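Right, I'll just put the structure down here and ask away after.
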Amino acid sequence: MTTGTNSSRKAMGSAALLALAAVLPLAITEPSQQNFLILILMGAQMGVAWNIVGGYAGQVSLGHAVFYGIGAYTSTMLLTTLGLTPWIGALAGGLLAAVFALAMGWPCFRLKGHYFAMATIAVAEIMQILVTNSDALEGAVGLYLPMDRNGWGALIFLSKLPYYYVILGLLVLTVLVSWAIERSHIGYYFRAIKDEPEAARALGVSLTRYKLIALSVSAFLTAMGGSFYAQKEMFIDPGSVFATTISIKIALIAILGGVGRLMGPVLGAVILITIEEYSRTLFGSTGSGTDMIIYAAMIILVAVFSPSGVLGLLGDLRRHLPGAKPAEVKTSAKEARP
Amino acid sequence: MTADILIQVLVSGLLIGLIYALVAVGLTLIFGVMDIVNFAHGEFLMLGMYASFWAFALFAIDPIVALPLTALLLFAVGVIVYQTVIRRILKAPMLSQIFATFGLMILLRGLAQFFWKPDHRLIPHSLVSGNIALGPVQFGLPQFVAALGAVGVTGALWMFLHRTRLGTALEATAIDREAATLMGIDGQKMFALAWGIGAACAGLAGGLIATFFPIFPEVGSNFILIAFVVVVLGGFGSVTGAFLAGIIVGLIEVLGGFLVGPEYKTAIVLSLLLIVLLVRPRGLLGKA
Amino acid sequence: MNTAPLLAVDGLGKAFDGLIANRDISFVVHHGEIIGLIGPNGAGKTTLFNCLAGFHTPTTGRIAFEGHDITGSTPEAAAALGIARTFQIVRVFQSMTALENVMVGAMLRNKRVAEARDRAEDELAFVGLSHRADTPASDLTVSEQKRLEVARALATEPKLILLDEVMAGLNPTEVREASALVHRIHQRGIASIIVEHVMEGIMPIAHRMLVLDYGAKIADGTPAEIAENPAVIAAYLGE
């Protein structure tokens, strides 16, 4: 059994990655480049959070922006109306999103596959319409965050560097939660539900309960990401946090990098955000569509050739390198079946 | 609300509902034959609209006259999409299938945006411009013709599926793929045919509404969600169901928008989707 | 041995939209018994299984397990009560190794991963798959996957295990191994109901046989008795 050396190698790799991430902004000091790194971390955090329900448990949500938006709006409203510090506001937003996830998941998890995905799109769209037409939330006009204070208490900073470390911390937290789930019985149950839900039931697994756990944890973490977005941008409106494009992006990041693998979405975020930002600078305005073409082509290729994403592709490639163990000769059940 | 206003609302709902029906029949056909939800269906409609636009802008062909051309073009697009992408994910896990058509949606939008820019375009005039007044009711001629066209195409599709050999073979594949194969029906050809016809229907819908609706790369998103609602309400795989459901959804959208507020009409239609999914997922006429 | 029946089925019937799959079936199973469930194709054997395991709700009749009425319970509840099952078409968790598959079963009784792993290793050894513990389930042969399902079901610490055609598609050596496995399960005190078509696999080891035909029970007795039962012979000859 190789779990011993394998997991300690992975742990060292992750630690090295974290160390690199921690010192990177000290070397890369240009603000727009630091912003680029922050965007990658934000994307990675959203993707890892999505992966918990979409990758591990296999429940594909194409409406995750609804949680992002709930987080952004909750912490911002609490800040503007009660002066509550966004550190607590983000937790409140996370909690609210989790409760919303429970309410939405309870009826929707009866639906299978495509139907569930459709329902998530519908829920997010409905929410966006409701918020856009809500006077209390300033509707389409949006909310501005007060600029009168800054510093760690207010989670508003004058330079990019502190934002970087906050989002890095949130990403690490999200990865740790994902990792803890993965190695606990919950993680095993998620994978069972994804592979063979009926067989899982026959082993005593309550599908609804575990899907709800997956969705609410994912919602909580996604909402925290939304709160960070609000603090960084100092302005939110329905189009920037509830839009379907956000839901698509979140799912894309996870799919590209590798659904169901811990660090997959991190890789996906690196790829996606890089393409997004560089096609923007290379081809001009966002109206060019080139970034869409590139990552759409990637997602189609990944869907057709490797459902495990780029990380899966890399894993497959590694096995073909010299020095790798030869694949076992097998008459697998798949070939034996007529 | 007076009777006149009510009739006006119902007529508007009926007209737009028939368009929705036409968009949805292609989507439901594809699902019925091969259990794949085409998230890129709205983009076939978008391409149909652009085909009409360019026929008009470059060759001064009226959109109505261009309809057969649009249909053929989109049929080809559907078949090509099937051969290049869909064929490879037939046996893939559902996740991959969702992502593949999803990626297709983004790809087509991106291509449209790249080649034709995001500007909204309009076809300023066509054979069918103008309004009709019928007693207390007023409606645009383009909308009326589009609705008529929708009825015609849906009817033709139904005839094709139930009265021709090829169409019956397609239906047979939808009902039981293995049995159909045993009877000598080529599954691959049927799938390609389904995609071709499905895309052509969406393209025709696009061509029909290009006479009055703005044309831009993201226009598909306006229709894809509603098409889903229609397909779910009508029942996955049922062309008749999609026809009836399209009308119902159109009526609910306009009525709901009138009673609650036009900014909420999409929310109302989407709520209908959720209700149907939760209460009766197989819809009106779908297979159980 | 406990003399009160472990499982008591009384007048069970199941209809689907007018098609009657099971009609008025009654029988008991005692602790540790091996019951063979046979009958021509379409006789309703898998439907009966699904009713017992909670995947269908019977239209009529009652199911009592350890004295409690469990009619219409969910599969999860049935598993928790001590009824485990395998599937006719194997449903192993493809993305997991053999060991991980069994661990999912073990986690019903113990959520701690390390202890579930220990338990799973024991069950894998019991079915003779220890050497394949770290193999992805998708890479196992059909016969190995069937044994894996048995190990996974046993890991839930059942009192009754429902085996759905575990011997189908096996060669004679594998059939003998499967029979031996069923016997070892019996020696642990676990009762089993086995749907089978492979007679030479089930007849030698079953304590009793239930025969279904057209959804109804036509015979209930020892293997020797039902082998000579005219109704049984007619049912099989007639199909």
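The letters A, B and C name the chains in turn, as written, and every chain counts its residues from 1.
One rule holds for everything that comes next: contacts are C-beta pairs under 8 Å (C-beta built on N, C-alpha and C of every residue); 3 or more make two chains touch, one makes a residue touch a chain.
Worth saying up front: this structure is predicted, and the values here are computed from it rather than measured.
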Chain whose average C-alpha position is farthest from subunit A's own: C
Top chain pair, ranked by how many C-beta pairs fall in contact: A-B
Subunit A-subunit B separation of Cα centroids, rounded to whole Å: 32
Intercentroid distance (Cα basis), subunit C paired with subunit A, Å: 42
Centre-to-centre distance between subunit C and subunit B (centres being mean Cα positions), rounded to whole Å: 48
Sites on subunit A touched by subunit C in the complex: 1, 183-185, 188-189, 191-192, 194-196, 198-206, 260, 328, 330-334, 336-337
Touching residues (chain side subunit B, partner subunit A) in the complex: 37, 85, 88-89, 92-100, 102-107, 109-114, 117-118, 217, 221, 225, 228, 232, 261, 263-264, 266-267, 270-271, 273-274, 277-278, 281
Subunit A - residues contacting subunit B, complex: 58, 60, 62, 107-108, 110-111, 113-115, 117-119, 121-123, 125-126, 129-130, 132-133, 244, 248, 251, 255, 259, 287-293, 295-300, 302-304, 307
Subunit A-touching residues of subunit C, taken from the complex the two chains share: 53, 55, 74-76, 78-80, 84-85, 87, 90-96, 100, 103-105, 107-108, 111-113, 116, 133-135, 138-142, 144-145, 152-153, 156
